[in-house]
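Next come two complexes, and both contain chain A; in the first it sits with chain B, in the second with chain C.
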Partner chain A sequence: MSNPDPFATLGLAPTLDLDLQALEASYLAHSREAHPDRWSDAVRNADDPAILAEALALAASVNDAYRVLKDRWLRAGVLIDRLDADARDATRTLSPLFLAEAMELAESVAEADDDGAPQLRDAIADRVERTFVAVADALREGDARAAATALHQSQYFRKALADLDARCLASGGDR
Partner chain B sequence: MTAADSPTPNRIVVGIDLGTTNSLAAVVTRHGPRVLRAADGEALLPSVIAFPEDGSTPVVGAEAKARALDLPTRTIHSVKRLLGRSRADVEAEASRLPYPVVPEPERGLARIPIDGRDWSPEELSARVLGAVRARAEAALGMAVEEAVITVPAYFDDAQRQATRHAAELAGLRCLRIVNEPTAASLAYGIDGSHDGTVVVYDLGGGTFDVSVLEIRDGVFKVLATAGDTHLGGDDFDRVIADEILTAAGAHDLVDDAYVKQAIRKSAEALKIELSNAEGAELAIDLGREEQATLRLTRARFEELIAPLVERTIACLRQALRDAERTIDQIDDLVLVGGSTRVPLVRRLVAEATGREPHDGVDPDLAVALGAAIQADILAGGNRNLLLLDVIPLSLGLETMGGVVSKLILRNATIPTSKTEEFSTQIDGQTAVELNIYQGERERTADCRKLASFRLRGIPPMPAGLPRVAVTFMVDADGVLRVHAKEQRTGIAASIQVVPSFGLTQDEVREMMRASIDHAMEDMADREAIELRNKAAAMVHGTRRALELSDLPPDQTYAVKKATNKVDRLLAEADTPADELKRAVDDLSRRTAQIADDVIGSAVHKALTEPREPEAR
Partner chain C sequence: MAYSDKVLDHYNNPRNVGALDKSAKDVGTGVVGAPECGDVMKLQIQVDDSGRIVDAKFKTYGCGSAIASSSLATEWLKGATIDEAMQIKNTQIVEELALPPVKIHCSVLAEDAIKAAIDDYRTKQGAEAPAES
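So, the complex of A and B:
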């Protein structure tokens, strides 16, 4: 889509293994330039609404780039798009075998009782991590489709994890 | 004010805390932020407007507050609770107000009738802002035309817009809307000695906010915010008022405006007394030489307000979760708002955060002082601070079947934007209507509808061909702006915004907590709706694809059969989800090979796309 490359927006080298401190520093440096608080009166009082809209879009792009890059999954998505813009669309259909497994997982989350939940959580968290390693490996090898497939698959595991946590929260108790 | 105290020359931008109960202004001087006081030294201006019976100019402030008993239906307080609200939204509290609140005929917005003229909450707030402005001008000895105005962090789009309109009506240019807890954090952290993770708990007269911030090297970054725009000290007064009515045996008098004002006044006095003493007494004059006495202990008072305070604690926990911070990571706790003087509030918040409240901040003045600091930043007087705030509630679009698809998630740093592409469903369609919602739940019925956007001027093309890119932009005031462009032709589609405030306040209040309580129910509902949507789209898409394709007859037959089966199951309202799912999966397998060739990637995408799990 028309959204600019977040790595370019923040002037960072595109890598999954991003130095989060460098990200933070770059984000703040760019914010000090682009944030509406820092606009000159010329921009703020501009008669041309296009000038204001452009300044606002730039400020938003800095915040949005930071938000995307801070999240390793969103970051992976950006890197896949950079390798092959069609990879994510082309790999949306997951194998029936995987879908069956994901369904089974969703069922076990729905049925988990308080005793079984911690163990199930560990197991799903492990799947999430392994899937991330698969994304990272595929990206390293430049295989955008394999990375995209693993990223799609991760959504099921991450959703299962979020659902399980939401359930634990809903059934009372602060973790 | 002495010469050394004079503000930065050239330009005066004041910070204004427009409160439910009190309002005040502050400005940054060479010696730091200072409150602008009245000649008698008073900082707080009661946010009360009284309309004299002779029709002369309404009075504002302490003078108005003093007239509450002699002009019970003409003395307006707590107008902030009506800002950006419809009459239906405020139903629960309107019955308790001594003055009448009526719906405006067009959209049912709240209006206050005085002598045959309906006043909007914006106009009444403008009166308060005007009085604050006059006081600031007297203190500074110069004209004030620009201001930064604070709002509860949890104010939605409509309430923020209403605040901006009130400033406009008062002849003030509102340079920025700032969230109250964020402003308070500026007053707290301005001296640079408080770097770390800070919780700001702001319980005012009518609203509650809690924000978690990270302060480091002059950067104030809001990590998360939560709150309730209809919870505050007024509600504490209300529970005491109920006790008074019970003691007086006078529930039948509750419709009398004078009695309502008198009880409200007594309740407030009792509350303040109970914050300092273990018990308080009230003699109630029942008329005809009769008296009743109410003895209220602090323990009873605390029992009465505990459920209200617990609600704020739940918000606090939510904010910490959203900020991905644990109690151990909190470095400091800042209490703001007059209601944090209530001992139970202090105790429960300290328990929930494991921190004793920081005592270097005046809970009544911190918000105005912080607004002054933000004003100074905007006036160019301070280049060292950077304030990064967030949007309190998610924004989403209505999709098929009454589901809200989130565009911008709560706690996203503002400004923020999201661009989405839309198309048409009918050949030659030139307009698309988008309904935008604010809230955390999955169903439109559980969120607050902000507005309808009608995209017009889309070039007539076959269905599905136009690609209209709509950009939703939330500016630094937390207010939404929308623009649209048709991608193929580059034609800007015009947008007509129809704001609407359709929900009751209870629903808004419930949104956050309910989003947790109902997480399971929502999930099942949403999955069922999504499955039906997916099935309907597949039937439609496959039939169109079959018309265009030249599949061998045996395959065409098999696909048709599978399509008809899904269609038949859809027609029955009570088809079990798993049966529909099996039929959809079967159809999915059979159409897999034609989807890419014929239907095109868009439809294929719509058929198979799994949803992103929501960020937490």
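So, the complex of A and C:
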């Protein structure tokens, strides 16, 4: 299911600051090439089901690589895995201090009223951005564990933001 | 994805939601999280002198399965001894709630929360580190 290296699949240099236009262009080029409509007759009429399966897997891996690389968080995850394949697993358990903070944040989201919501949203969005900077900084320094920890932390902030937006939407907010 | 009736029951009528005094010496608190979804779960136990859990509370911000798993866990914890509580396995929660494979991590979260709460209680009681178990 997971792609060995989505950067390689799309012929792109591995970096967090990916040029999204270059990504788009590369994706289109590669997917044109791998698309079932473009398969040669040799592949299409192959007697060997393995040949078909391989061609199909290639087309799917192009789509999957694009899906992963266009999301900055998933992209960061790929770069962390490239540095140290165990880093994300090894850092799953966050400090009790951080979890207590995440709990408090979830509580404040659940209790936010319409007046307080915009301010809370700004504060959480700021945490999300700062956490992304922490991931990027750690990656730049080659510290896979620190990057993985920050990536895990971001999940709690991103969830808080999504929960808050879902609530505002439900109560007729303008977002 | 369809939730089982038992999950829905716990989700709609969660048992033992709330908080105990986390600074009390006879209260153990465990806060755990699942980084894949950002769910957070707090589970607390109050233990009497004989090592029996007299009260359990939880607060979970997460999906229906995470809420149901922790709600069920507090039901099982109440009246149990610490040793019995240590034996609770996530697979029992999966079975009881008929959780699908994608929601198994919710039950793991609940088991982790039980263990964390017991650890915290034991630390507070001091020295009584678990020799075996």
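FYI, the second predicted complex is superposed on the first by the 171 of 175 C-alpha atoms of A that agree within 3 Å, B and C clash if a C-alpha of one lies under 4 Å from a C-alpha of the other, contacts with A are read in each partner's own complex, and residues count from 1 in each chain.
Assume a residue touches a chain if its C-beta (ideal position, glycine included) is under 8 Å from a C-beta of that chain, and two chains touch if they have at least 3 such contacts.
A quick note: this is a predicted structure, and the numbers were derived from the prediction, not measured.
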{"item": "Superposition-derived comparison: chain B or chain C, residues of chain A touched", "value": "B"}
{"item": "Touching partner for A:Q155 - first (chain B), second (chain C), both, neither", "value": "both"}
{"item": "Chain B versus chain C as contact partner of A:R92, first or second or both or neither", "value": "both"}
{"item": "Contacts of A:I124 with chain B and chain C, given as first, second, both or neither", "value": "neither"}
{"item": "Partner chain in contact with A:L10 - chain B first, chain C second, else both or neither", "value": "neither"}
{"item": "Touching partner for A:A65 - first (chain B), second (chain C), both, neither", "value": "neither"}
{"item": "Which superposed partner A:A166 touches (first chain B, second chain C, both, neither)", "value": "first"}
{"item": "Partner chain(s) touched by A:V135 [first = chain B, second = chain C, both, neither]", "value": "neither"}
{"item": "Chain A positions touched by chain B in one structure and by chain C in the second", "value": "92, 94, 96, 152, 155-156, 158-159, 163"}
{"item": "Residue ranges of chain B touching chain A (in the complex, touch as defined)", "value": "176, 219, 317, 374, 377-378, 380, 386-388, 412-417, 419, 421, 469, 473-476, 481, 483, 516-517, 519-520, 523, 585, 589, 592, 601, 604-605, 608-616"}
{"item": "Of chain A, residues touching chain B in the complex", "value": "1-3, 28, 31-32, 35-38, 41, 53, 56-57, 59-61, 63-64, 66-67, 71, 89, 92-94, 96, 152, 155-156, 158-159, 162-163, 165-167, 169-170, 174"}
{"item": "Interface residues, chain C side, partner chain A - complex", "value": "31-33, 35-40, 42, 59, 61"}
{"item": "Touch list for chain A against partner chain C, complex", "value": "92, 94, 96, 99-100, 102-103, 106-107, 109-110, 152, 155-160, 163"}
